[in-house]
Amino acid sequence: MSLLETKKLVKKFGGVRAVDHVDVRFEAGMLTGLIGPNGSGKTTLINTLTGLLPMDGGTVVVSDNVALHAVRPTSIATYGLTRTFQSVRLFEQMSVLDNLLVVLTERNVWGALFERHGKYHLDTAEDILKKVGLWEKHHELAGTLSYGQRKLLEIARAVSMRARVYFFDEPFAGLFPEMRKVVSAILHELRENGAAVVLVEHDMDLIRSLADYCYVLDSGTVIAEGAPEAVLKQANVIDAYLGK
Amino acid sequence: MDIVSQIALNAVIAGAIYSLVTLGFNLIYGTARFFDLGYGALAATGGYAAFYFYTQLGLPLLLALALAILVASALGLLIEKTIYRPLRARKASGTILLVASLGVLTVIQAVIAIIFSSQFQTLSRDVAAEKVYTILGGAITQTQVLILVTALVIMLALALLLKYTLFGKAVRAVSDDDEVASIVGINTEKVMGAVFAIGSAIAGVAGVAAAFDTGIQPTMGLSLLLKGVIAAIIGGIGNVYGGIIGAFFLAIVENLGAWQFSGEWKDAVAFAVLILFLLFRPQGVWPK
Amino acid sequence: MEYLIHIAILVSIYSILGLSLNLVVGEAGLLSVTHAAFYGIGAYATALLLTESGMNFFLAMLIGMVITGAIALLIGAVLSRFDGDFYALGSLGFNVIVFSILLNWQSLTNGPLGIPGIARPSLFGFSFESNTSFLTLSLVLLALVWGICTLITRSSFGRVLHAIREDEQAIQVFGYTTTYYKLVIFVLSAMLAAVAGALFASYITFIDPSSFTVNESIFMLSIIILGGLASHRGAVLGAAFLIILPEALRFAGFPTDVAAQMRQVTYGAILILLMLYRPQGLLGEYRL
């Protein structure tokens, strides 16, 4: 079942189409890789799908039944979408624990005013932080964490959302092997639980071992799609990576 | 007919002064990328320096004006070197720079008030002997004509400087991306210093013009600055030419407002225009 | 002694202003330069209700808070769509507009002449006529405001405000309509400022527009930036420091009008020095 699908999605910067009539499908229980050389439009695609950039054309279909022609960042959570950021955007001057609690607690303004956080929220946050090995640091400010720990916290924050579609924008980049294992395990678990996991990654070995399906983008268009093994052998994909 | 042409003339004079303010403000905002509130105080510095050299010391007019503009420019450069530059070196956020420049504005404004008193004053000139021209029934004084000409000359000079000189190229490179600019061998700190010196000199000219046109008051800097900022936003912030359009647009609306509602509402009208623009067209009429 | 009590009352009033402004600036990271407008609306509403209808002070204060909240809702609905420099500029614009209205809507506010003869509060037959009893009342209200601010900042709502301060777009992606949060905190903060306004009006027993200018808003900002953003103790410390300091200057032998300007010089300089050397303020942790 498709949890998120685009039809002829377009995103323009000035006269340049950074995303050019892209059709992609992200299925439940599948890990989909999004690969392509730098500047091929992977991050722009995710930013458009999560409303950070307004779309300039096409349709986004959520769970086969909601067709959208505009996506607002504040509404993506209701569609069950969540993400991490390539440049790691934590709430720096908040504690590690608060970075998670803030996505777990009440969304309604009045509810939020009269609640601090329930035990349930605290337990959830503790579970997730333990999973990524950051529980010992839960009182420290996010800004004081190391680069790898910051990436893990961001992944933990996305996981806390209990979403249906997860976008991970280069979650492995700059991580030590130990941390890579943790992240792989998390991606696996989300996939096993029936979520659609979208992974932007440059490491082709990781794509081969993790992804069920993958899309190759170049200059804003999908130039190939299919099982990673087959796709990565295609001549045009190799050309795109080598720059012809 | 008379009232209309008088409003038009008043708007043109005010617009010329606002364009000067907005010109320098945009130049600085475009390169240093923060809301420099201290910039307003430099306009006041220019006005008061002119008052000091011309009215109090009795120096010849042109010498007094040159010195006044020099003082504003030098003070602007000094502030850049001692306050903004160290902050930039620490990669301070725009808000920190904004708050620091708020401090600069407050200090200079108060120092001026201590030295010259906070009373409204006018620059001595022989009002009776001044030529008054009549255009379509509206009156315009010789001073105002001079202000208009000066503003036009400065706009043109700055445009040529930015477009055709090596310095202009460097400024544009730094405004686009200061890191890249320094990689290709542009001394960004030097460019930044020059931008502050030139910008502050323009603020000084605007202050002098406002001083001769209406008079001086320590708080004149803030109100001039705010008009300049509003004009910049109307025109599209960071766009040097858009600001000029914004300045004249603001001056027209203000003077129409003053005619319709009485002069006390002038500032309120200006800010109402600002808020409308921020709401409905934050990128201005001529985005960069 | 009477003099010390006077100072203590002023410190309490400005502490309330600092605490309430901190909700917007310190907790939510929105540089609001319009707090004096709400302080003023609260003061005028209370003063008019007291002098025109002679109702009880506390009832008048509550109604004043509601009126201020309603106006803040309108202003906030516009401001909440902005962020960064535009928020600062837009809010400053609203301060200018509100000031213009207080000054020029003569039939309601009595214009520049102000409203004299405002009664001191009384409750169940006890009148807070003496300064000692008024100080007690101010401290009780300060404690209440402190408590409310603590409840807000420790709630989930407070946590969301912090996230907005850190990265508004990121928290939107996690399902928060941040505009509502910015609007609600803005209105709450304005209503608490109205408490300070009511206290001020009935303490001085006379108000005029000059107490509610943009400069006054900047002064309130200095209080919390000095004390430390997002710190309750910092707001009180900042208020105490900036109220007592100019008094000390007066004792040092400066004439009154120079002392007033010296106060401006001092707090301007404090802002600059803080930005250069301690951007988190004396007691705060949050850096701009």
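Letters are used for the chains, namely A, B and C, taken in the order the chains are written, and counting of residues starts over at 1 for each.
Rule of thumb we're sticking to: contacts are C-beta pairs under 8 Å (C-beta built on N, C-alpha and C of every residue); 3 or more make two chains touch, one makes a residue touch a chain.
Predicted model, so just to flag it, every value in this text is computed and none were measured.
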*Identity of the chain that, by mean CA position, is farthest from chain B*: A
*Point out which chain occupies the most central position, where each centre is the mean of Cα atoms.*
C
*asked:* What's the distance between the Cα centroids of chain A and chain C, rounded to whole Å?
replied: 42
*Find the geometric centre of each of chain B and chain C from their Cα atoms only, then give the gap between the two centres in Å, rounded to an integer.*
31
*asked:* Please tell me the distance, in whole Å, between the geometric centres of chain A and chain B computed from their C-alpha atoms.
replied: 47
_Could you list, by residue number, the parts of chain C that touch chain A in their complex?_
152, 154-157, 159-160, 162-163, 165-167, 169-178, 180-181, 184, 285-287
*Can you list the residues on chain A that touch chain C in the complex?*
50-52, 73-74, 76-78, 82-83, 85, 89-94, 98, 101-103, 105-107, 109, 111-117, 157, 161
*Quick one: in the complex, what on chain B touches chain C?*
34-35, 83, 86-87, 92-100, 102-111, 113-114, 118, 222, 226, 229, 233, 264-265, 267-268, 271-272, 274-275, 278-279, 282
*Sort out for me which residues of chain C touch chain B in the complex.*
31, 78, 81-82, 84-86, 88-90, 92-94, 96-97, 100-101, 103-104, 214, 218, 221, 225, 257-258, 261-262, 264-265, 267-272, 274-276, 279, 288
